[in-house]
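Should a chain be cited, it is by its letter among A, B and C, assigned in written order, with residues numbered from 1 in that chain.
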Amino acid sequence: MTDALEILLNTSLWAAVLRIATPLIFGVLGEVLCERAGVLNLGIEGIMTMGAMAGWLTVFLGGDLWTGLAVAAASGALIGLLHAMLTVPLGLSQHVSGLGITLFASALSYYLYRLIVVVGETPPTIVAFQPVPIPLLSEIPFLGAILFTQTPPTYLALIAVAVLAYVLARTPLGLAIRMAGESPQAVEAQGLDPIAIRIGAVVVGSALMGVGGAFLTTAAFNSFFPEMVQGRGWICIALVVFSGWRPGKALLGALLFAFFDAYQLRLQTVIEGVPYQIFLMAPYVLSIVALIAVSRRAEVPEALMAPYRRGER
Amino acid sequence: MMRLERRENVPLTVVAAAPLAAILAALVLAAGLIAAAGVNPLAAYGQMLKGALGSRLSVTEMLTRATPLILTGLAAAVAFRARLWNIGGEGQFFVGALVTAWIGHSLGLPGPLGIAVLMVCGMAAGALLLAGPAFVKLRFGVDEVVTTLLLNFIVILFVGMMIEGPLRDPLAFGWPQSVPVDKAYRLPDLIAGTRLHVGLLVAIAAAGVVWLVLARTVFGVETRAAGLNARAAAFAGISLPRTIMGVALLSGALAGLAGSIEVMGVTGGVTTTMSPGFGYAGIVVAMLAALHPAGVVAAAVFVATVFVGADAMSRATGVPSFIADVIVALSLLTMLVALLFTTYRIRR
Amino acid sequence: MSAVLELRNITKRFGPLLANDDVSLSLAQGEILALLGENGAGKTTLMNILFGHYAADAGEVRVHGQPLPPGKPRAAIDVGVGMVHQHFTLAGNLTVLENVMLGSEPMRRLRSARGAARARLMTISQRFGLPVNPDVKVSRLSVGERQRVEILKALYRDARILILDEPTAVLAKPEAEQLFETLRGMTEGGLSLIFISHKLQEVMAASDRVAVLRGGKMVAERTTSNTSPEELAELMVGRRVDRPMRHAHAIGGPVLTAEDITVTKDGETRLEDASFRVHAGEILGIVGVSGNGQATLGALLSGLVHPASGKLTLEGRDVAHLGPRGLIRAGVARVPEDRHAEGVVGEMSVWENAVLERLRSASFSARGFVRQRAARAHAAALIQRFDVRGATPETRVRLLSGGNMQKLILGRCLATGPKFILANQPTRGLDEGAIAAVHEELLAARAEGAAILLITEELDEALALSDRLQAIVKGRLSRPVDVEAADARRIGLMMAGMWGQDDAA
């Protein structure tokens, strides 16, 4: 018992929480942006996979890590554009399109990887992002090792939360995005184009998802293999509901989830006799429970999943 | 400025052409990727066809592969018609398989009776698994997409835990697998000397039953109404909770049956790798069939052809076999677009 | 007076339907023009083209002599055209201020100027006498308040030409009069107005000029002072359509009785201590402005909601907790408020819709299987008897016109010879011909002894069809009044909630 509690005092646990949370933060922010504008993006799992592959591949082929992230964002954006075109101007089922996108993007990323990389016994690796301690702040006891000694993409994630929260709440663009998710008719009646707004939101949101995937292959680990996203994308979908479609709460949800994941990993070494699968199951079970708990009070954007067709009688 | 205009009536030729156009478009798009591998796409597709349909053996392999796809395709079609987004086909497949191996290991009933009982058990397991998310959706309004999906991951972990633990096959060396189902309950071969088993007939019969239920029964009409206009259905006195739950039980049962038959007909036991994504591919099958039970059989044959053919093509040309997943996924997207054109036409 | 607005030769098609046929119109500075026509005449389509929601197939719009780029609401807003939609274009989850501000600032701006916007909104609000609270979520506002926000949206964007689509559909008489007073004040302040209406009295009272649309064509323009309601009515419909007359006859015993029924939803009381009694062979009319509990009353009698307290009996039997199926089996027929959303499944065929409510009865199913031949035959009989045009049993219901769809719905209800009929806004959105047909069927059912509860927003309809009337205001019902003892003025007051102590039910 005390072993289980002792883990909580370990800075490495909390540093891991932030590290594990990072791809989730990017993923949830991206999905929040899509859904706030009224589009459900079930392609997130595939987009994160594509981002993971594209980011890693760029570095493997000689690019630097930041270029890798940029390529991951671009690949996410492109796939997001496909989903946006299918669901917004064409108004196709957001559920089915998203599923198709996930299947497609995953398959495409595995195919391209296999095509370009010669696979031997073990998958090839790259030199990943290293933790960058922030001068002065990283010397603070306990907090310094946790919050201020992370890899650059983690800092980026935290900044992204603040930026998205600000844009949504305080800028004209943010108001337009929120309105597109509540009433595209209202958007049109005020002279704006709800279709363009929705497409833009999905593209940018998908770019964020791509970066989240790339974190897995350029910071958390340093190689790519099929199924490495492991359902994180789907967890992000659950976290979006849990976060009430707000960036600030999304950060909280991601951290909470990451805590349980990190804790579960360390508990395995301390608690004996329990099959490791039980520990691995815990995060998924937790997500379902959290979803049920919050569903009653969920304030869903009113026009989420309702396609908007101009001039249709 | 182009816009979409609703068609008044949809000619049958357009509806039938849609999946064909979709498949063609998918193949054309994938051809680009094959060319990127430095291989002539037409030659590659030729190899694919040869690999799947070129010999008696390969055709039986393809049909063996199509058998679970017909059932998971039916599962998805039944659910999607009612707007119940059952993405959990994979998990339902596995629980059906697990229950079949577990009970079938030492059931003690005569062969044919035992097979029937095990099929029912597999169906029950699949049905119960989907009943959970359905209940939670009805009672708490929780979106079933996430719950069914996350359950897939949970189930696969659970299966792994079972076959490394209580259901471990003590005689297996190397890769962990479950205790095998009793030999008496192995499905007889349809064609001797091949892997093709009578499960195919069961799957086709299931398609017939599903068609009958959807087209001719009160439940079928009520399901359709609930999926097309839930408010009007409720107004007419249709109980939405009962209908959705009925759909969930039927859909889950079909996917569970797929797993059960796969164990009894092909693998003999359960491993964590026995499904190359049958559940997810079932969704594509359902969409290509425009959610029609009859179309599901044809669509399952197409998808199976692509998968089986791709293995052969990969060996012959060096194109990564993932191209099969790409083609299947593309077909889903192109089919969506094709379906759009059956409902709308483009106007300036 | 110069024309601030001109529509020239506007033509618009939707598939086979010609919604606007070479329509021309002009609006002078400071004028109030009424656009009159029955349902389906093309008025809303015309105004949507003006505002840019649709682009016309032919013709052009000129504002202050300059042609307006078609299909762009932004262009219309930029030249000072504003629209108050019939179905408000507001987002319920956002505040009044946010709804009004949307689109008024350049997108590239890094910070919304909320304080300035709020001040500007309050100034405009005070100047035009339209009080609002800028920080309240729109979903919490009453219908009348929401309309104010919709108007303020247009004024905030400096509209000089204001289009109002059926502005009094959701207002009680006193509020409607207040609105027109406000609008008249606006024209004195420099605005020019067009309002769409199908109500003759309103058009006569509030407009300077009237333009009449019929079947997509502009058939007449009149100066209001030079015309009469009779002339306008005939221009609007183009032929003499006499609505069927109700004849007094002996009324039977009570069929449906409601005593002190209260219905709550989400913590709010939607219907409070409502009591009424409908007798065999009688039509009881429930009149009220939309949004006062009619939907809840309809849902109650359809079996979709149940009372928290009170009694509901059908021929003495307690039916308060029966669902739709139970009520149907007990002999209740229901015509829903919204035929598209609730009445039919558009993608299903006529025969499927005709029997959907009764699928589980022995007539249309056996051992779980649908008796398709019986169902198709029944549908064919309905089509024949109730004159449902453009339909065969196989036709997709979506393709039927509003009037024919309603006839089908009415037909499937009446074919069973019900004891009690709920007719909820049965003629909403229908043209004169269809309205007459519906009225005829309802009166015929009344003659056969059915007890009918008619919920309607149209006072004329209520007075023409009902034997007795009750007004519904804020979820409460007034005492019943015999139609002979009621005059339009008294009912109008009751609809506004002004009933004396002795009138309360």
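Things worth noting here:
In the analysis below, contacts are C-beta pairs under 8 Å (C-beta built on N, C-alpha and C of every residue); 3 or more make two chains touch, one makes a residue touch a chain.
Everything numeric in this text was worked out from a predicted model, so none of it was measured.
If you draw each protein chain as a dot and join the dots that touch, every dot ends up joined to every other dot.
For the pairs A-C and A-B, the count of C-beta pairs in contact is higher at A-B. Distance between chain centres (mean CA atoms), subunit B to subunit C: 47 Å.
Centre-to-centre, using mean CA coordinates, subunit A is 45 Å away from subunit C. Averaged Cα coordinates give subunit A a centre that lies 28 Å from the centre of subunit B. Of all residues in subunit C, those touching 2 or more other chains are 14, listed in ascending order.
Along subunit A, residues 310-311 each make contact with two or more other chains.
Multi-chain contact residues of subunit B (touching two or more other chains): 6. Only residues 3-4, 6, 33, 36-37, 80, 85, 87, 136, 140-143, 145-147, 149-151, 153-154, 157-158, 160-161, 164-165, 280, 283-284, 287, 320, 322-323, 325-326, 328-330, 332-333, 336-337, 339-340 of subunit B touch subunit A when the two sit together in their complex.
On subunit C, the positions that touch subunit B within their shared complex are 14-16, 55, 71, 302-304, 323-325, 328, 334, 336, 341-348, 352, 356-357, 359-360, 365, 368-370, 372, 396, 399. Looking at the complex, you find that subunit A touches subunit C at residues 170-173, 175-176, 178-179, 182-183, 185-192, 299, 301-302, 310-311, 313. Considering their complex, residues 1, 5-6, 8-9, 216-222, 224-225, 228-229, 231-239 of subunit B touch subunit C.
By the touch criterion given at the top, residues 14, 53-54, 72-74, 76-78, 83, 85, 89-94, 98-99, 101-112, 153, 157 of subunit C touch subunit A in their complex.
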